[in-house]
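Below are two complexes that have chain A in common, paired first with chain B and then with chain C.
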Partner chain A sequence: MAQNSRYHAESYVAHPVVTTADMRLLFHRASGETHLLADPLPDMLILLGEQPDTIQGLTTRLCARLGVAQDEEAHAVVGHRLDELEAAGLVWRD
Partner chain B sequence: MYRLDLRVGPVGYRVGSAWRRPIDALRRLYAGYPAPDEGLATLTARIEPEKPWRRHLRPQVAIRGDFELPDAVPMTLDHGLLAIEMAMNLQIALGERRHLLLHAGAVERNGRVIILTGESGSGKSTLSALLGEHGWRLLSDEFVLIEPGTGLVRAFPRAISLKNAAIAELERVVADRDRFGPLLRATPKGDLRHLRPAPDAIARMDERAMPALVLFPTFGHASQAEGMGQAELFALLTQGSTNYAALGERGFETMARLATTVPGVRFAYPDSAGGMAIVEQFAAELGI
Partner chain C sequence: MAERDETEQTEVASGADEAGNLHTSRRNLLRLTALGGAAIATVRPNAGLAQAAVSALKCQIPIPDSANAGKWVKNDGTLVKSGTANSYAPPSNPLKGEDVKNSLKYGTTYSGYSSQQTNAYNNYIKKLTVGKQGYTCYASVMTPR
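What follows is the complex of A and B.
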(Lines of atoms letter the chains of each structure in order from A and count residues from 1; the text may use other names and numbers.)
(Lines give C-alpha, C1' and ligand atoms only; values in the text may rest on other atoms or scores of the structure.)
Protein backbone atom coordinates (compact mmCIF):
# COMPACT_ATOMS: atom_id res chain seq x y z
CA MET A 1 0.00 0.00 0.00
CA ALA A 2 2.74 2.44 1.06
CA GLN A 3 4.65 1.30 -2.02
CA ASN A 4 2.01 2.90 -4.25
CA SER A 5 1.27 5.96 -2.11
CA ARG A 6 2.49 9.26 -3.41
CA TYR A 7 4.37 11.43 -0.94
CA HIS A 8 4.06 15.20 -0.97
CA ALA A 9 6.14 18.00 0.58
CA GLU A 10 5.96 21.76 0.61
CA SER A 11 8.37 23.56 -1.69
CA TYR A 12 11.75 23.32 0.05
CA VAL A 13 12.64 26.94 -0.69
CA ALA A 14 9.59 28.02 1.32
CA HIS A 15 11.35 26.96 4.54
CA PRO A 16 13.95 29.05 6.34
CA VAL A 17 17.00 26.75 6.25
CA VAL A 18 20.44 27.25 7.78
CA THR A 19 23.27 24.99 6.67
CA THR A 20 25.81 23.90 9.27
CA ALA A 21 28.95 21.84 8.76
CA ASP A 22 27.15 18.62 9.68
CA MET A 23 23.39 19.16 9.26
CA ARG A 24 20.72 21.48 7.99
CA LEU A 25 18.46 23.35 10.37
CA LEU A 26 14.95 23.80 8.97
CA PHE A 27 12.25 25.96 10.49
CA HIS A 28 8.79 24.67 9.59
CA ARG A 29 6.55 27.74 9.60
CA ALA A 30 3.30 25.81 9.59
CA SER A 31 4.05 24.06 12.90
CA GLY A 32 6.66 26.38 14.41
CA GLU A 33 8.89 23.31 14.84
CA THR A 34 12.62 23.25 14.12
CA HIS A 35 14.08 20.16 12.44
CA LEU A 36 17.71 19.06 12.29
CA LEU A 37 18.14 17.24 9.01
CA ALA A 38 21.01 14.91 8.16
CA ASP A 39 21.70 13.73 4.60
CA PRO A 40 19.83 12.62 2.53
CA LEU A 41 16.70 14.18 4.11
CA PRO A 42 17.17 17.67 2.60
CA ASP A 43 17.55 16.20 -0.91
CA MET A 44 14.42 14.08 -0.42
CA LEU A 45 12.45 17.17 0.63
CA ILE A 46 13.79 19.15 -2.33
CA LEU A 47 12.71 16.42 -4.78
CA LEU A 48 9.27 15.91 -3.22
CA GLY A 49 8.75 19.66 -3.14
CA GLU A 50 9.36 19.73 -6.88
CA GLN A 51 7.08 16.78 -7.58
CA PRO A 52 5.13 14.29 -5.42
CA ASP A 53 6.36 10.74 -5.82
CA THR A 54 6.16 7.10 -4.72
CA ILE A 55 8.97 5.45 -2.75
CA GLN A 56 10.19 3.78 -5.94
CA GLY A 57 10.04 6.97 -7.98
CA LEU A 58 11.74 9.02 -5.30
CA THR A 59 14.47 6.38 -4.87
CA THR A 60 15.23 6.55 -8.59
CA ARG A 61 15.39 10.35 -8.62
CA LEU A 62 17.39 10.56 -5.39
CA CYS A 63 20.00 8.03 -6.53
CA ALA A 64 20.37 9.92 -9.80
CA ARG A 65 20.72 13.23 -7.95
CA LEU A 66 23.35 11.87 -5.56
CA GLY A 67 25.12 9.74 -8.17
CA VAL A 68 24.79 6.48 -6.23
CA ALA A 69 23.68 3.02 -7.31
CA GLN A 70 19.98 2.26 -7.02
CA ASP A 71 19.53 -1.04 -5.20
CA GLU A 72 17.36 -2.69 -2.55
CA GLU A 73 19.24 -0.97 0.25
CA ALA A 74 18.64 2.47 -1.26
CA HIS A 75 14.95 1.64 -1.57
CA ALA A 76 14.77 0.55 2.08
CA VAL A 77 16.62 3.66 3.29
CA VAL A 78 14.28 5.96 1.40
CA GLY A 79 11.26 4.12 2.85
CA HIS A 80 12.55 4.49 6.42
CA ARG A 81 13.46 8.14 5.97
CA LEU A 82 10.04 8.89 4.51
CA ASP A 83 8.47 7.35 7.62
CA GLU A 84 10.58 9.73 9.74
CA LEU A 85 9.67 12.76 7.64
CA GLU A 86 6.00 11.82 7.76
CA ALA A 87 6.13 11.46 11.56
CA ALA A 88 7.76 14.88 11.73
CA GLY A 89 4.96 16.38 9.64
CA LEU A 90 7.26 17.40 6.79
CA VAL A 91 5.75 15.03 4.20
CA TRP A 92 2.31 13.54 3.78
CA ARG A 93 0.65 10.93 1.59
CA ASP A 94 -2.36 11.32 -0.69
CA MET B 1 1.21 45.94 49.16
CA TYR B 2 4.85 47.09 49.50
CA ARG B 3 6.50 47.91 46.19
CA LEU B 4 9.83 48.37 44.47
CA ASP B 5 10.25 49.32 40.81
CA LEU B 6 13.64 48.75 39.24
CA ARG B 7 15.29 48.12 35.91
CA VAL B 8 17.75 45.33 35.14
CA GLY B 9 19.10 45.73 31.60
CA PRO B 10 16.12 45.89 29.23
CA VAL B 11 13.64 44.60 31.81
CA GLY B 12 11.58 46.95 33.97
CA TYR B 13 10.29 45.18 37.07
CA ARG B 14 7.37 46.11 39.29
CA VAL B 15 7.93 44.02 42.41
CA GLY B 16 5.32 43.78 45.14
CA SER B 17 5.09 42.05 48.50
CA ALA B 18 2.33 41.72 51.07
CA TRP B 19 5.08 41.95 53.72
CA ARG B 20 7.52 44.78 54.25
CA ARG B 21 10.64 42.81 55.25
CA PRO B 22 11.31 41.06 51.89
CA ILE B 23 10.93 44.34 49.98
CA ASP B 24 13.34 46.10 52.35
CA ALA B 25 15.85 43.28 51.78
CA LEU B 26 15.34 43.55 48.03
CA ARG B 27 15.83 47.34 48.15
CA ARG B 28 19.17 46.89 49.95
CA LEU B 29 20.25 44.16 47.53
CA TYR B 30 19.44 46.25 44.46
CA ALA B 31 20.83 49.54 45.79
CA GLY B 32 22.05 51.68 42.87
CA TYR B 33 19.86 50.07 40.18
CA PRO B 34 17.92 52.50 37.98
CA ALA B 35 14.15 52.86 37.86
CA PRO B 36 12.27 51.48 34.83
CA ASP B 37 12.45 53.75 31.77
CA GLU B 38 9.73 56.41 31.95
CA GLY B 39 8.47 54.60 35.04
CA LEU B 40 7.04 51.80 32.93
CA ALA B 41 7.59 48.27 34.19
CA THR B 42 7.48 45.46 31.62
CA LEU B 43 7.10 42.59 34.11
CA THR B 44 5.21 42.29 37.37
CA ALA B 45 6.34 39.95 40.15
CA ARG B 46 4.90 39.75 43.64
CA ILE B 47 4.61 37.56 46.70
CA GLU B 48 1.39 37.20 48.63
CA PRO B 49 -0.05 34.98 51.35
CA GLU B 50 -0.97 31.54 50.05
CA LYS B 51 -4.34 32.06 51.76
CA PRO B 52 -5.59 35.32 53.32
CA TRP B 53 -5.14 34.02 56.89
CA ARG B 54 -1.53 33.04 56.07
CA ARG B 55 -0.42 36.68 56.11
CA HIS B 56 0.16 36.78 59.88
CA LEU B 57 -0.47 33.25 61.10
CA ARG B 58 2.57 31.10 60.23
CA PRO B 59 2.98 33.14 57.04
CA GLN B 60 3.23 31.19 53.81
CA VAL B 61 4.53 32.96 50.72
CA ALA B 62 3.13 32.27 47.26
CA ILE B 63 4.62 33.55 44.00
CA ARG B 64 2.30 35.65 41.86
CA GLY B 65 2.63 37.80 38.75
CA ASP B 66 1.83 37.96 35.06
CA PHE B 67 2.80 34.28 34.87
CA GLU B 68 2.26 31.71 37.61
CA LEU B 69 3.03 28.07 38.21
CA PRO B 70 -0.19 26.53 39.56
CA ASP B 71 1.43 23.77 41.63
CA ALA B 72 4.34 25.75 43.10
CA VAL B 73 4.90 24.96 46.78
CA PRO B 74 4.52 27.99 49.10
CA MET B 75 7.59 29.07 51.11
CA THR B 76 8.13 30.44 54.60
CA LEU B 77 8.36 34.21 55.10
CA ASP B 78 11.96 33.79 56.31
CA HIS B 79 12.75 32.91 52.72
CA GLY B 80 10.73 35.84 51.36
CA LEU B 81 13.69 37.37 49.52
CA LEU B 82 14.28 34.08 47.71
CA ALA B 83 10.57 33.91 46.85
CA ILE B 84 10.72 37.39 45.31
CA GLU B 85 13.84 36.49 43.34
CA MET B 86 12.09 33.31 42.12
CA ALA B 87 9.04 35.36 41.14
CA MET B 88 11.31 37.72 39.16
CA ASN B 89 12.98 34.71 37.47
CA LEU B 90 9.64 33.15 36.61
CA GLN B 91 8.37 36.32 34.95
CA ILE B 92 11.45 36.65 32.74
CA ALA B 93 11.56 32.91 31.92
CA LEU B 94 7.93 32.78 30.84
CA GLY B 95 7.22 36.37 29.82
CA GLU B 96 10.22 37.66 27.89
CA ARG B 97 9.47 38.02 24.17
CA ARG B 98 11.84 40.75 22.95
CA HIS B 99 15.01 38.72 23.36
CA LEU B 100 16.03 35.11 22.90
CA LEU B 101 16.59 33.77 26.39
CA LEU B 102 19.33 31.28 27.24
CA HIS B 103 19.57 29.61 30.63
CA ALA B 104 23.21 30.59 31.04
CA GLY B 105 25.70 32.94 32.59
CA ALA B 106 27.78 35.38 30.58
CA VAL B 107 30.83 37.61 31.04
CA GLU B 108 32.35 40.25 28.78
CA ARG B 109 35.83 41.63 28.20
CA ASN B 110 37.02 43.88 25.36
CA GLY B 111 33.51 43.89 23.91
CA ARG B 112 33.35 40.10 23.49
CA VAL B 113 31.20 37.70 25.43
CA ILE B 114 31.75 34.22 26.78
CA ILE B 115 28.49 32.40 27.47
CA LEU B 116 28.56 29.65 30.09
CA THR B 117 25.68 27.23 29.97
CA GLY B 118 24.75 23.72 31.05
CA GLU B 119 22.74 21.78 33.58
CA SER B 120 22.12 22.97 37.12
CA GLY B 121 25.17 22.09 39.20
CA SER B 122 27.57 22.52 36.28
CA GLY B 123 29.02 25.56 38.02
CA LYS B 124 28.09 28.07 35.32
CA SER B 125 26.64 30.54 37.80
CA THR B 126 29.55 30.33 40.25
CA LEU B 127 32.13 30.56 37.48
CA SER B 128 30.34 33.59 35.98
CA ALA B 129 30.23 35.24 39.40
CA LEU B 130 33.92 34.57 40.06
CA LEU B 131 34.97 35.83 36.62
CA GLY B 132 32.93 38.96 37.37
CA GLU B 133 35.32 39.60 40.28
CA HIS B 134 38.46 38.87 38.23
CA GLY B 135 38.62 41.33 35.35
CA TRP B 136 35.45 40.41 33.48
CA ARG B 137 32.17 42.32 33.38
CA LEU B 138 29.33 40.11 34.58
CA LEU B 139 26.41 40.27 32.13
CA SER B 140 24.32 37.65 33.90
CA ASP B 141 24.68 34.57 36.05
CA GLU B 142 21.35 32.95 35.12
CA PHE B 143 19.66 34.32 31.99
CA VAL B 144 21.42 35.51 28.84
CA LEU B 145 19.38 37.76 26.56
CA ILE B 146 20.25 37.72 22.85
CA GLU B 147 18.92 40.57 20.76
CA PRO B 148 17.21 39.37 17.55
CA GLY B 149 18.47 41.24 14.51
CA THR B 150 21.90 42.14 15.88
CA GLY B 151 22.75 38.91 17.72
CA LEU B 152 24.24 41.03 20.53
CA VAL B 153 24.01 40.05 24.18
CA ARG B 154 22.07 42.39 26.47
CA ALA B 155 23.33 42.53 30.01
CA PHE B 156 20.90 41.32 32.66
CA PRO B 157 22.89 41.72 35.88
CA ARG B 158 20.40 40.52 38.46
CA ALA B 159 21.57 39.72 41.95
CA ILE B 160 23.64 36.53 41.84
CA SER B 161 22.08 33.58 43.64
CA LEU B 162 24.94 31.86 45.50
CA LYS B 163 24.21 28.38 46.78
CA ASN B 164 25.98 26.28 49.39
CA ALA B 165 29.77 26.10 48.78
CA ALA B 166 29.63 29.04 46.32
CA ILE B 167 28.72 31.37 49.21
CA ALA B 168 32.09 30.98 50.94
CA GLU B 169 33.94 31.13 47.63
CA LEU B 170 32.52 34.56 46.83
CA GLU B 171 32.79 35.78 50.43
CA ARG B 172 36.54 35.20 50.10
CA VAL B 173 36.90 37.46 47.05
CA VAL B 174 34.26 40.18 47.57
CA ALA B 175 35.49 42.68 50.17
CA ASP B 176 32.38 44.90 50.14
CA ARG B 177 30.01 43.17 52.59
CA ASP B 178 27.17 45.53 51.62
CA ARG B 179 26.90 43.68 48.33
CA PHE B 180 25.68 40.52 50.08
CA GLY B 181 22.09 39.81 51.02
CA PRO B 182 21.16 37.91 54.18
CA LEU B 183 22.23 34.27 54.51
CA LEU B 184 19.12 32.14 53.98
CA ARG B 185 19.53 28.73 55.56
CA ALA B 186 17.81 25.48 54.58
CA THR B 187 15.85 26.84 51.63
CA PRO B 188 14.45 24.41 49.03
CA LYS B 189 17.75 25.05 47.18
CA GLY B 190 19.98 24.57 50.26
CA ASP B 191 21.79 27.47 51.92
CA LEU B 192 21.52 30.55 49.77
CA ARG B 193 22.90 34.07 49.74
CA HIS B 194 22.42 36.75 47.12
CA LEU B 195 25.24 38.96 45.87
CA ARG B 196 24.87 42.28 44.07
CA PRO B 197 27.16 42.26 40.98
CA ALA B 198 30.24 44.50 40.92
CA PRO B 199 29.54 48.23 40.38
CA ASP B 200 30.75 48.24 36.75
CA ALA B 201 28.27 45.47 35.86
CA ILE B 202 25.44 47.73 37.01
CA ALA B 203 26.83 50.99 35.65
CA ARG B 204 27.37 49.43 32.19
CA MET B 205 24.17 47.36 32.03
CA ASP B 206 23.09 49.07 28.80
CA GLU B 207 26.28 48.16 26.89
CA ARG B 208 25.59 45.34 24.44
CA ALA B 209 28.39 43.01 23.33
CA MET B 210 29.04 40.35 20.70
CA PRO B 211 29.13 36.64 21.65
CA ALA B 212 32.52 35.01 21.01
CA LEU B 213 32.30 31.58 22.64
CA VAL B 214 29.76 29.23 24.23
CA LEU B 215 31.15 27.04 27.00
CA PHE B 216 29.50 24.02 28.63
CA PRO B 217 31.32 23.53 31.93
CA THR B 218 31.11 20.44 34.12
CA PHE B 219 32.33 20.84 37.68
CA GLY B 220 34.27 18.25 39.64
CA HIS B 221 36.25 16.39 37.00
CA ALA B 222 39.84 16.48 35.73
CA SER B 223 40.47 19.30 33.25
CA GLN B 224 39.43 18.34 29.75
CA ALA B 225 37.96 20.18 26.75
CA GLU B 226 36.18 19.05 23.59
CA GLY B 227 34.69 21.04 20.71
CA MET B 228 31.23 20.37 19.32
CA GLY B 229 29.54 20.63 15.95
CA GLN B 230 27.25 23.52 15.07
CA ALA B 231 24.13 21.35 14.93
CA GLU B 232 24.83 19.93 18.40
CA LEU B 233 25.46 23.42 19.73
CA PHE B 234 22.17 24.58 18.22
CA ALA B 235 20.28 21.64 19.74
CA LEU B 236 21.80 22.13 23.21
CA LEU B 237 21.14 25.87 23.20
CA THR B 238 17.50 25.40 22.19
CA GLN B 239 17.07 22.89 25.04
CA GLY B 240 18.38 25.54 27.41
CA SER B 241 16.09 28.30 26.18
CA THR B 242 12.77 28.94 27.88
CA ASN B 243 11.34 31.05 25.05
CA TYR B 244 12.87 29.65 21.85
CA ALA B 245 9.61 28.10 20.66
CA ALA B 246 7.56 31.16 21.64
CA LEU B 247 9.71 33.45 19.47
CA GLY B 248 8.97 31.38 16.35
CA GLU B 249 10.99 32.23 13.26
CA ARG B 250 12.74 35.14 15.01
CA GLY B 251 14.03 32.70 17.61
CA PHE B 252 15.18 30.30 14.91
CA GLU B 253 17.13 32.98 13.04
CA THR B 254 18.72 34.32 16.21
CA MET B 255 19.68 30.89 17.54
CA ALA B 256 20.95 29.64 14.17
CA ARG B 257 23.10 32.74 13.80
CA LEU B 258 24.62 32.20 17.24
CA ALA B 259 25.24 28.48 16.70
CA THR B 260 26.86 28.96 13.28
CA THR B 261 29.08 31.95 14.07
CA VAL B 262 30.30 31.18 17.60
CA PRO B 263 32.23 28.03 18.58
CA GLY B 264 30.89 25.73 21.29
CA VAL B 265 33.15 23.81 23.67
CA ARG B 266 32.38 21.52 26.58
CA PHE B 267 34.96 21.35 29.30
CA ALA B 268 35.43 19.71 32.69
CA TYR B 269 37.23 21.36 35.59
CA PRO B 270 38.25 20.18 39.04
CA ASP B 271 37.68 23.37 41.04
CA SER B 272 36.89 27.05 40.56
CA ALA B 273 40.53 28.12 40.17
CA GLY B 274 40.98 25.46 37.50
CA GLY B 275 37.77 26.51 35.78
CA MET B 276 38.77 30.16 35.64
CA ALA B 277 42.22 29.20 34.29
CA ILE B 278 40.59 27.21 31.46
CA VAL B 279 38.26 30.10 30.60
CA GLU B 280 41.26 32.46 30.50
CA GLN B 281 43.05 30.02 28.22
CA PHE B 282 40.09 29.97 25.80
CA ALA B 283 39.91 33.76 25.97
CA ALA B 284 43.61 34.07 25.13
CA GLU B 285 43.18 31.76 22.11
CA LEU B 286 40.37 34.01 20.84
CA GLY B 287 42.34 37.19 21.54
CA ILE B 288 39.90 38.41 24.19
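What follows is the complex of A and C.
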Protein backbone atom coordinates (compact mmCIF):
# COMPACT_ATOMS: atom_id res chain seq x y z
CA MET A 1 0.00 0.00 0.00
CA ALA A 2 2.61 2.46 1.12
CA GLN A 3 4.69 1.32 -1.83
CA ASN A 4 2.03 2.44 -4.27
CA SER A 5 0.66 5.59 -2.72
CA ARG A 6 1.83 8.78 -4.27
CA TYR A 7 3.47 11.56 -2.32
CA HIS A 8 2.60 15.19 -2.95
CA ALA A 9 4.32 18.42 -2.04
CA GLU A 10 3.60 22.07 -2.61
CA SER A 11 5.57 23.77 -5.31
CA TYR A 12 9.02 24.30 -3.86
CA VAL A 13 9.26 27.87 -5.10
CA ALA A 14 6.22 28.75 -2.96
CA HIS A 15 8.43 28.55 0.15
CA PRO A 16 10.86 31.27 1.17
CA VAL A 17 14.15 29.41 1.50
CA VAL A 18 17.47 30.48 2.97
CA THR A 19 20.46 28.43 1.92
CA THR A 20 23.41 27.97 4.24
CA ALA A 21 26.59 25.98 3.72
CA ASP A 22 24.99 22.63 4.47
CA MET A 23 21.33 23.26 5.20
CA ARG A 24 18.25 24.96 3.86
CA LEU A 25 15.92 26.88 6.11
CA LEU A 26 12.49 26.57 4.63
CA PHE A 27 9.59 28.66 5.86
CA HIS A 28 6.28 26.86 5.50
CA ARG A 29 3.62 29.56 5.24
CA ALA A 30 0.68 27.25 5.85
CA SER A 31 1.90 26.20 9.30
CA GLY A 32 4.12 29.17 10.13
CA GLU A 33 6.87 26.69 10.92
CA THR A 34 10.47 26.86 9.79
CA HIS A 35 12.17 23.62 8.84
CA LEU A 36 15.89 23.03 8.68
CA LEU A 37 16.47 20.59 5.88
CA ALA A 38 19.58 18.55 5.23
CA ASP A 39 20.37 17.16 1.80
CA PRO A 40 18.77 15.53 -0.08
CA LEU A 41 15.41 16.70 1.32
CA PRO A 42 15.27 19.93 -0.70
CA ASP A 43 15.82 17.95 -3.89
CA MET A 44 13.03 15.57 -2.91
CA LEU A 45 10.67 18.49 -2.27
CA ILE A 46 11.58 20.08 -5.59
CA LEU A 47 10.85 16.86 -7.44
CA LEU A 48 7.59 16.17 -5.63
CA GLY A 49 6.51 19.76 -6.14
CA GLU A 50 6.96 19.30 -9.86
CA GLN A 51 5.08 16.04 -9.90
CA PRO A 52 3.61 13.71 -7.24
CA ASP A 53 5.32 10.34 -7.16
CA THR A 54 5.63 6.97 -5.48
CA ILE A 55 8.72 6.02 -3.45
CA GLN A 56 10.00 4.03 -6.39
CA GLY A 57 9.34 6.79 -8.89
CA LEU A 58 10.88 9.45 -6.69
CA THR A 59 13.96 7.32 -6.04
CA THR A 60 14.52 6.99 -9.77
CA ARG A 61 14.14 10.71 -10.37
CA LEU A 62 16.26 11.66 -7.35
CA CYS A 63 19.12 9.39 -8.35
CA ALA A 64 18.99 10.85 -11.85
CA ARG A 65 18.99 14.37 -10.43
CA LEU A 66 21.92 13.68 -8.14
CA GLY A 67 23.72 11.70 -10.80
CA VAL A 68 24.13 8.53 -8.76
CA ALA A 69 23.26 4.92 -9.45
CA GLN A 70 19.95 3.69 -8.17
CA ASP A 71 19.77 0.70 -5.85
CA GLU A 72 17.80 -0.84 -2.98
CA GLU A 73 19.66 1.25 -0.44
CA ALA A 74 18.62 4.48 -2.12
CA HIS A 75 15.04 3.25 -2.20
CA ALA A 76 15.11 2.56 1.55
CA VAL A 77 16.63 5.95 2.32
CA VAL A 78 14.11 7.81 0.19
CA GLY A 79 11.27 5.97 1.95
CA HIS A 80 12.69 6.91 5.32
CA ARG A 81 13.18 10.55 4.39
CA LEU A 82 9.66 10.72 3.01
CA ASP A 83 8.39 9.58 6.41
CA GLU A 84 10.26 12.48 7.99
CA LEU A 85 8.88 14.97 5.50
CA GLU A 86 5.40 13.61 6.02
CA ALA A 87 5.73 13.92 9.81
CA ALA A 88 6.78 17.54 9.33
CA GLY A 89 3.73 18.17 7.17
CA LEU A 90 5.74 19.03 4.07
CA VAL A 91 4.51 16.09 2.01
CA TRP A 92 1.31 14.11 2.08
CA ARG A 93 -0.01 10.97 0.48
CA ASP A 94 -3.08 10.60 -1.68
CA MET B 1 20.03 24.97 -12.04
CA ALA B 2 20.57 27.17 -9.02
CA GLU B 3 19.70 24.39 -6.60
CA ARG B 4 22.28 22.11 -8.11
CA ASP B 5 24.90 24.83 -7.98
CA GLU B 6 24.30 25.39 -4.27
CA THR B 7 24.81 21.72 -3.59
CA GLU B 8 27.97 21.63 -5.59
CA GLN B 9 29.47 24.57 -3.72
CA THR B 10 29.33 22.59 -0.51
CA GLU B 11 31.53 19.90 -1.93
CA VAL B 12 35.14 20.84 -1.44
CA ALA B 13 37.43 18.58 -3.38
CA SER B 14 40.85 18.24 -1.81
CA GLY B 15 43.01 18.03 -4.83
CA ALA B 16 41.55 14.76 -6.06
CA ASP B 17 39.10 14.30 -8.87
CA GLU B 18 36.40 16.84 -8.08
CA ALA B 19 33.66 15.16 -10.03
CA GLY B 20 34.44 11.84 -8.43
CA ASN B 21 34.23 13.26 -4.92
CA LEU B 22 31.00 15.00 -5.72
CA HIS B 23 29.57 11.77 -6.97
CA THR B 24 30.68 9.90 -3.85
CA SER B 25 29.27 12.50 -1.49
CA ARG B 26 25.93 12.55 -3.27
CA ARG B 27 25.91 8.80 -3.30
CA ASN B 28 26.42 8.84 0.45
CA LEU B 29 23.24 10.84 0.91
CA LEU B 30 21.35 7.81 -0.24
CA ARG B 31 23.27 5.23 1.76
CA LEU B 32 21.66 3.55 4.74
CA THR B 33 24.48 4.89 6.90
CA ALA B 34 23.05 8.36 6.24
CA LEU B 35 19.97 7.41 8.26
CA GLY B 36 21.79 7.81 11.57
CA GLY B 37 20.19 11.15 12.29
CA ALA B 38 17.13 13.12 11.38
CA ALA B 39 17.46 15.17 8.22
CA ILE B 40 14.86 17.65 9.32
CA ALA B 41 14.45 19.89 12.34
CA THR B 42 11.41 22.06 12.84
CA VAL B 43 11.23 25.41 14.58
CA ARG B 44 7.78 26.31 15.75
CA PRO B 45 6.63 29.93 15.98
CA ASN B 46 6.37 31.69 19.32
CA ALA B 47 2.66 32.15 18.82
CA GLY B 48 2.30 28.53 19.88
CA LEU B 49 4.04 29.18 23.18
CA ALA B 50 1.93 32.26 23.90
CA GLN B 51 -1.17 30.23 23.27
CA ALA B 52 -0.05 27.55 25.70
CA ALA B 53 0.50 30.19 28.37
CA VAL B 54 -2.99 31.55 27.86
CA SER B 55 -4.58 28.14 28.13
CA ALA B 56 -2.64 27.52 31.35
CA LEU B 57 -4.44 30.45 32.91
CA LYS B 58 -7.78 29.17 31.71
CA CYS B 59 -7.39 25.65 33.03
CA GLN B 60 -9.14 24.57 36.20
CA ILE B 61 -8.31 22.64 39.34
CA PRO B 62 -11.19 20.74 40.92
CA ILE B 63 -11.11 20.48 44.70
CA PRO B 64 -11.36 17.75 45.64
CA ASP B 65 -10.80 15.46 42.67
CA SER B 66 -13.89 13.60 41.53
CA ALA B 67 -12.75 10.37 43.23
CA ASN B 68 -13.01 12.19 46.58
CA ALA B 69 -16.17 14.14 45.87
CA GLY B 70 -17.90 15.38 49.04
CA LYS B 71 -14.78 15.47 51.18
CA TRP B 72 -13.62 18.57 53.00
CA VAL B 73 -10.17 20.12 53.05
CA LYS B 74 -8.11 20.39 56.22
CA ASN B 75 -5.73 23.29 56.97
CA ASP B 76 -2.79 21.30 55.74
CA GLY B 77 -4.53 20.42 52.48
CA THR B 78 -5.42 16.82 53.26
CA LEU B 79 -8.90 15.61 52.41
CA VAL B 80 -11.11 14.58 55.34
CA LYS B 81 -14.67 13.52 55.98
CA SER B 82 -17.16 16.35 55.61
CA GLY B 83 -17.83 18.14 58.89
CA THR B 84 -14.41 17.38 60.39
CA ALA B 85 -13.11 20.06 62.77
CA ASN B 86 -10.53 22.50 61.40
CA SER B 87 -11.52 21.65 57.87
CA TYR B 88 -13.42 23.49 55.20
CA ALA B 89 -16.04 22.67 52.63
CA PRO B 90 -14.46 22.60 49.17
CA PRO B 91 -15.08 25.41 46.71
CA SER B 92 -18.36 24.96 44.87
CA ASN B 93 -16.63 25.32 41.51
CA PRO B 94 -13.19 24.25 40.29
CA LEU B 95 -10.61 26.97 40.86
CA LYS B 96 -9.38 28.82 37.79
CA GLY B 97 -5.71 28.53 36.85
CA GLU B 98 -5.31 32.30 36.84
CA ASP B 99 -6.79 32.66 40.34
CA VAL B 100 -4.58 29.85 41.62
CA LYS B 101 -1.53 31.52 40.17
CA ASN B 102 -2.41 34.85 41.77
CA SER B 103 -3.17 33.26 45.09
CA LEU B 104 0.04 31.23 45.23
CA LYS B 105 2.15 34.10 43.97
CA TYR B 106 0.58 37.14 45.62
CA GLY B 107 -1.47 35.65 48.44
CA THR B 108 -4.83 36.75 47.10
CA THR B 109 -7.86 34.92 48.46
CA TYR B 110 -10.32 33.13 46.24
CA SER B 111 -13.39 35.22 45.63
CA GLY B 112 -16.14 34.20 48.05
CA TYR B 113 -13.80 32.25 50.37
CA SER B 114 -11.97 33.19 53.54
CA SER B 115 -8.20 33.38 53.81
CA GLN B 116 -8.26 30.17 55.90
CA GLN B 117 -10.19 28.39 53.17
CA THR B 118 -7.86 29.78 50.53
CA ASN B 119 -4.91 28.56 52.55
CA ALA B 120 -6.36 25.06 52.88
CA TYR B 121 -7.18 24.90 49.15
CA ASN B 122 -3.69 26.05 48.24
CA ASN B 123 -2.16 23.45 50.52
CA TYR B 124 -4.26 20.84 48.75
CA ILE B 125 -3.09 22.10 45.37
CA LYS B 126 0.55 22.00 46.44
CA LYS B 127 0.14 18.34 47.36
CA LEU B 128 -1.10 17.39 43.90
CA THR B 129 1.02 14.74 42.24
CA VAL B 130 1.37 13.52 38.68
CA GLY B 131 -1.79 11.85 37.48
CA LYS B 132 -4.10 13.62 39.93
CA GLN B 133 -6.86 15.78 38.56
CA GLY B 134 -5.65 19.36 38.33
CA TYR B 135 -1.97 18.51 38.46
CA THR B 136 -1.33 19.46 34.85
CA CYS B 137 -3.05 22.77 35.43
CA TYR B 138 -1.04 23.40 38.61
CA ALA B 139 2.18 22.51 36.83
CA SER B 140 1.47 24.83 33.93
CA VAL B 141 0.42 27.65 36.23
CA MET B 142 3.69 27.33 38.11
CA THR B 143 5.83 27.15 34.98
CA PRO B 144 7.55 30.50 34.53
CA ARG B 145 6.96 32.13 31.20
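One rule holds in what follows: the second predicted complex is superposed on the first by the 94 of 94 C-alpha atoms of A that agree within 3 Å, B and C clash if a C-alpha of one lies under 4 Å from a C-alpha of the other, contacts with A are read in each partner's own complex, and residues count from 1 in each chain.
We adopt the following convention: a residue touches a chain if its C-beta (ideal position, glycine included) is under 8 Å from a C-beta of that chain, and two chains touch if they have at least 3 such contacts.
On a predicted model such as this, the values are computed, not experimentally measured, just so you know.
When the two complexes are overlaid on their common chain A, residue A:68 makes contact with chain C while staying clear of chain B. In the superposition on chain A, contact is made by A:29 with chain B only, not with chain C. Touched residues of chain A, counted separately for chain B and chain C, are more numerous for C. Legend: residue contacts after superposition of the two complexes on their common chain; A:21 is shown touching both chain B and chain C.
Shared-chain residue A:58: touches no atom of chain B or chain C. Across the superposed pair, chain B and chain C both touch chain A at residues 21-22, 32, 34, 36. Note for the complex: chain C touches chain A at residues 3-4, 6-7, 10, 23, 26-27, 29-32, 34-35, 38-45, 47. Remark: chain A residues 16, 18, 20-23, 25, 27, 29, 32, 34, 36 touch chain B in the complex. For chain B in complex with chain A, the touching residues are 229-232, 234-235, 238, 245, 248-249, 252-253, 256, 259-260.
For chain A in complex with chain C, the touching residues are 19, 21-22, 32-43, 46, 62-63, 65-69, 73-74, 76-78, 80-81, 84-85, 88, 90.
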